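So, here's a batch of structures to check.
Consider the two complexes below, in which subunit A is the common component and subunit B and subunit C are the respective partners.
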Partner chain A sequence: MRKIWDIHGGVHPNENKTQSLGEPIVLSAIPPYLYVPLSQHIGAPAQPIVKIGDNVLKGQTIASANAAISVPVHAPSSGIIFAIENKSVPHPSGIDDMCIVIKTDGLDQWRERNTNKDFSQLSGDELLSIIRNAGIAGMGGAGFPTAIKLKGKNNKPIDTLIINGTECEPYITADHSLMLENADDIAMGLAILAKIIKPKTILFGIEDNKMDAVNGIEVALEKIDFSAYSDHAIDVEVVSFPTKYPSGGEKQLIQILTGKQVPSHGLPADIGIVCHNIGTAVAIQDAVCLDHPLISRVTTVTGEAVSQPRNYHVLIGTPVSFLLEQSQYRADVSNRLIMGGPMMGFALNDASVPIIKTSNCVLAPTETELPSPPPAQACIRCGMCAEACPASLLPQQLYWFSQGKELEKLEQHNIADCIECGACSYVCPSNIPLVQYYRASKTDIKQREVDHHNAELAKRRFDTRQDRLLRLEQEKIAAKEARQTARKNSNKTDKHVSLTSTASNDSAASSKSTEDRDATIKAAIKRAQEKKSASAATNEDPVARAQAKREAQLEQDQADPEAKLTRAVENAQQRLEKLHIKFSEAKKNNDKNITIIETGLEKAQAKLISSQQALDDHQKISFTNDKA
Partner chain B sequence: MVEFISLNPLLSALIALATLGLSFGAILGFGAVKFAVEGDPIVEQINAILPQTQCGQCGYPGCKPYAEAIAEGDAINKCPPGGEAGINELANLLDIEPLALDDEHGQEDIKKVAFIREEECIGCTKCIQACPIDAILGAAKVMHTVITTECTGCDLCVEPCPVDCIDMLPISVGTQAWKWQIPDRNPFYNANIIASDHRSMDLSGVTKH
Partner chain C sequence: MALMRVTSPHAHNRQTTGQVMQLVLLATLPGVLALTFAFGWGTLVNILLAVIFAIALEASALKLRKRPIKFYLNDYTAIVTAVLLAIALPPYSSWWIILVGIFFSIIVAKQLYGGLGYNPFNPAMVGYVALLISFPVAMTSWPAPIYLTPDELSIPNPINALLIALTIIEQPIIDGFTMATPLDLVRQNDALMIEDLINEYPQFGRWSGYGWEWVNLGFLVGGIFLLQRKIFTWHTPVSMLLAILIMSALFYDGGSSASAGSPLFHLLGGATMFGAWFIATDPVSSAASNKGRVIYGAGIGLLTFIIRKWGNYPDAVAFAVLLMNFSAPLIDHYTQTKPYGHNTQKKS
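Coming up: the complex of A and B.
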């Protein structure tokens, strides 16, 4: 019997797990449309490689992973690509994201599969590429690409592989039912993981509220000789430990099973441990042995607002509403829909969002079951949050600092180690939504880092620009000085030439200076020519421009004669005003042209009157036309 | 030597102290010359906090001049792009009280980037000359475009454009860039805690989401 360590804090909420364990996992029907998001994992979204109207087969790759941290996406069923567009996705923000919409044909026809693979013949790298190509991302909740996690860092040998069958969050039974029904698949997945990682110890952690699963897993694991997949003996043990939330957190489970703590800002790999979820193990087994990419998962549908709470084998991309219908969802009694569990899940605004690779539960509670959170009250500094925190943080301090946006202090108080489990909010007697403060502050800290990075880049660009402008300025001055000195020199050489010609005493220096002079003259001529041609070009340009303008105006006038008339009136008015000014000036100065200006003024007045008349006539005509 | 010290305790003490003083003085003097810091290091630190938009909203021609002014004792609340977070950081660095953002210099706004309506651009290069960080691409009489990832949203290109074809657009937030918000301070936050303190309250808007 292995020694079990305890974690700090933790809470014991009502488990509510029995509701959904009444019947075996049900295979969900194929919905008419599948909405497959391109970003179901941590990292860059996959890039679509299909077009609208393409026929796709079940398991076919429809989006490929082009970035370093990314996974491909596969068609969950056969059909045609109906759309590639922004659709609502399961995300706390409720923001739409890119999805591939597949109109299913109901045939569920597979692409060609290579099912006879004996994985013991494959190398670790080959297995990793199968896992990567199968689009597997951690199915415990975070969705980190599994192949990258498995690859690890070369300088950090892994001696312990931990399989996480804890499932500590209330209501969720997806992993539990998977352990009950697919124990052999989990064991096979574990064997593949053992072959890739070659650990010395494999620990299978299960909470003691799932003892039926413990027995099944023990039987399944005994059938496999793990040491055969490695060059050294592998110690395999199923460990059950007391139920407490959040024992299933990666860092918490590692502490419970090994007594080691993952360093702050570190990864489990830093202490020679890697942790995988059992859902991931099954997905790996399916990918390697059956050539099935990750296109379906087990999802719990539960809560009092569904008449038949149970687990479903559901295709990725199936709308939540479609799943709820199969469980007889009663919208009238449901107060909200939650994706995930009651502690860490988030409320959905829209039941049309699809199930994705990380969706382990859809919770539809009634108002009495999970009442809306009461209004938050002032913190009474009771310290219960600090007692409940599984990461041994000081939630109260973090709360004050979050309110004051004191990001530095938050970092000093290790907000990065918060796993957002919600234990502090659960125990808070003042109902303060603490986790939301921490999430906001964490994103603020991340944003600040990005901003600083961008500011650094902007500064570099600014400095480079300033340097360039300075250099250009200096070059200009230098060129000017050079020209001036050249002119002076040429003046000198002029004298020099005249002197030398009179002396008719030819020297190398004088011939050189005449050559220089010729060159400068030629250059000057060339410059002048260039200038001339350039000015010719610009002269041509305004003419063309004016012509174009005129033509455009003519076109416009034909379309709208009233505008032309109005413009004529305006022009006449302007001319009249100008002439008035000229006239008064001329009068003041006793100009001799005063009579000419006077006649001009009269003419302009006449023109204004006639154009005004024309406009009025036109308006009258159009008015009567309109009336008719 | 010992004899000299025992015979002239006062004098030897003075000599010893003077020697020590001179030698330490020499070391310090050497150090001051050898490890002299060029420029004011606090300016660099302040400049690192400023957002480097070079927008001039503070009244100085760029972030560095403003950093120098702060080091000379100017107020720290003149930088709208840096916002409250920037002011807090500056206050932290300089160990002074954070101030509210000075409204005279503008308000903290959501992050925006410039966008050139390309079919209207006449290719005058005026915006390129205005951009402090070379984030606009283009040449004379050809269409210009903004490198969105480099644009700091400083606004300086908008004014020189003769055809007004530059818009400042807020950066669209996708699921990747979305941020959690600090919960709204609801009316109960500052409420009196014990029941008898409560005055009439309207619960209808608060209890339900």
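Coming up: the complex of A and C.
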């Protein structure tokens, strides 16, 4: 037996899991319309590749992943594209987001599939691309693209793969029923994961309130020789541990199973661990072995306001209301609809929102079951929250600082380490919605960072503009001086020429005078430039100075790529300005090089536009990076 | 029914602040019973008057502050403060003493700071200290234990006890109705060995003051009940008692005339147990983290002993608690918990 570690804090809410385990998983009907959001995962939304009116088959890609962190979206059933528009989606803030609406034809006709693949013949990269193309994102709740998580980082080898079958949230039994009914699929998904990751140890963590699942999984795992998928032996162990909320949090589960803690602001990969949900394992199995993209999932429908609490195999995009009808939802006694569990789930604005890849539960409680929160009383700093906090924070202090919007203090007290599990609010005798305060404060901190960054950008932009205006002014003066000197000189030569021209013939004289004038203009410009550079380079050696300047520039560039881009824009502007002057001069003088100068001018303009673009892009990227 | 928009968590365990406070009240019972057995009905009269005054003052303060009165009275904290102050006062205190004490507790220490949760000092102890400084004679006249009272008939019955408190009838001025407390005797003693002192004065019992032993044991039982119900953690009371134990052991010196009394004398004497389990554990004014609570409790124990031995007041828990209330924010600043994931960060 493996040593089980304890986590700090935790609570024991009523489990309420038996209600929805009464019958096996039911296949939900196909709704008349499917609302498939483009953003069901962490990262950039998928881009639609279908048009309104297109016929789509079940499993066909309808939106592709064009960004680095994104996953594609597939048609959950066959039908025609009815609309691509903003619809209400399951989100804590109740916002609308882009959805592809499919009018189903009821035929549920599959696209062509390449089934019965033997995955052991495929390489890790091939498997990863299958997983990515199947649109799989973590099904435990966060929805991070699975392929990216699996790819990991080269410098961080993974030696432990943890499969999360904890399901510590009350009421939810989606994972539990999946473990009971699809243990072999889970085992096969695990084998695929083992082939990709090649860990030394696989730990399958299940809470001890699901011993039937523990036994089933143990039997299923024994059938597979995991070491065959790797060049080294793989230890596989199913570990059951005492039921306590929130044992199923990724960080908490890692501590329970290994005794290690994920570094603050770090990832499990930093300590050689990766965690996957069992729903994800099944989705991987379906994608690799059956060529079945992620278009359905198991969702628990429970609560006293539904007469038939149970689990459904439900198509992504099915409206919650359609699902509730199948369980005989009684709207008159339901006081709220929760997507997710009672501890971390969010209340829905209306029942028209669709089931998405991360929807593990729809909870419809009655008022007696989950009463409305009473008004909050004063915090008496009793410390029950600190005893319950799985992250060992001091929630009462965080609450105090949140009220005063003391953001620095909040950061000092590590509000970033709060996992928003709700254990503190659960035990609070004064009914204070603590987690809500922390969410608001986290947003305040993020907003402050964004504001700070924007202010910095604006300041830099302003400074650069001031510099540029100043330089343009100086150049104008210099150019004016140069013209004046040139005119003075040319007057002199003209006189000289007119004196000599009397002795020679007119045409020769005139041509010579043109040549002379050109030469003197050039000479004047050169002198002016020399004068300018001399005045710029005070007393030092101009060459050394230029070198030093260049070096400084290089250093600066490495430190700040944005400055480099800004300078490129400025250079392009300067060149354009100079060419403009040259061009107008050439025009005045009817120079034969005018066409050459003109093309140069066009090129300079293009260069300016492209460098401006590059700068904008860079700013956008760094902005989004900072935001992330 | 319209769908409700509330944030997670949706589930809640049903314990409320009012229930916590009721448990605290329940836990004072053994100590209060012991006090009543030892000193007569005076303690119960104290409690009755204090609770009435506290509710009245709390309600009027809430009304002035335009707060919902019933909602805040339902948290029972005013009653807890009143009971704790009433226990600390000498039995048979006059009504105006109680009223002044409650005024300082409820109005000055609590409502003027913004009500429950915003008071930096323990309200009951603020009231007690205000009284001790203002009316030192009345506050230090503890009645003698019933069993030492020479004339059994002079022990007031409940009605007389109430009338005494309302100053309608005079306190019986029988010699021996009030007596120096054991703590006083030990502090003022500089001639007798401790053993002789105990033999000389009848106020001493087996280990500590007569009657006081049982009072302290009563509060110990109540405290352990609250600990078992997880109303507070062990850190503050245990570290406070340990600090008193260690200090009194260091300065016992075998019981010479300069001795401060035995460790058991201190642990079971005066307000030690009451202070440890009911006063120092007041969460609002104490340190937040468990490590902080150990420091906070030890500080109270240390100061209690120092004031008992070298100070001018007969008991010291109230002053020690207030002084440590001052330092609670400082302690909090230096004793933040180490959250998940911060141990590993240093190593890697």
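Note that in this section the second predicted complex is superposed on the first by the 478 of 628 C-alpha atoms of A that agree within 3 Å, B and C clash if a C-alpha of one lies under 4 Å from a C-alpha of the other, contacts with A are read in each partner's own complex, and residues count from 1 in each chain.
Going forward, a residue touches a chain if its C-beta (ideal position, glycine included) is under 8 Å from a C-beta of that chain, and two chains touch if they have at least 3 such contacts.
These numbers were taken from a predicted model, which means no experiment stands behind them.
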{"item": "First (subunit B), second (subunit C), both or neither touched by A:A378", "value": "both"}
{"item": "Partner contacting more residues of subunit A (subunit B vs subunit C)", "value": "C"}
{"item": "Subunit B versus subunit C as contact partner of A:S334, first or second or both or neither", "value": "second"}
{"item": "First (subunit B), second (subunit C), both or neither touched by A:D208", "value": "neither"}
{"item": "Partner chain in contact with A:S93 - subunit B first, subunit C second, else both or neither", "value": "first"}
{"item": "Which of subunit B and subunit C A:A455 touches, first, second, both or neither", "value": "first"}
{"item": "Which of subunit B and subunit C A:R465 touches, first, second, both or neither", "value": "first"}
{"item": "Partner chain(s) touched by A:D159 [first = subunit B, second = subunit C, both, neither]", "value": "neither"}
{"item": "Which superposed partner A:R439 touches (first subunit B, second subunit C, both, neither)", "value": "both"}
{"item": "Those residues of subunit A which subunit B touches in one complex and subunit C touches in the other", "value": "92, 336, 372, 374-375, 377-378, 380, 433, 436, 439"}
{"item": "Sites on subunit C touched by subunit A in the complex", "value": "1, 3-13, 15-17, 19-20, 71-72, 75, 77, 115-118, 230-233, 283-284, 286, 288-290, 332, 336-345, 348"}
{"item": "Complex contact set, residues of subunit A against subunit C", "value": "8, 11, 13-14, 92, 94, 170, 251, 255, 260-266, 270-271, 331-338, 340, 342-351, 363, 365, 367, 370-375, 377-384, 386-387, 390-394, 396-397, 412-414, 417, 420, 422-423, 425-431, 433, 435-436, 439"}
{"item": "Residues of subunit A that touch subunit B when the two form their complex", "value": "39, 45, 89, 91-93, 95, 97, 336, 372, 374-378, 380, 402-403, 405-408, 433, 436-437, 439-444, 447-448, 451-452, 454-459, 461-462, 464-465"}
{"item": "Parts of subunit B lying in touch with subunit A, wherever the complex brings them together", "value": "47-48, 50-54, 62-63, 84-85, 88-89, 92, 132-135, 150, 152, 173-176, 178-183, 186-191, 193, 206-209"}
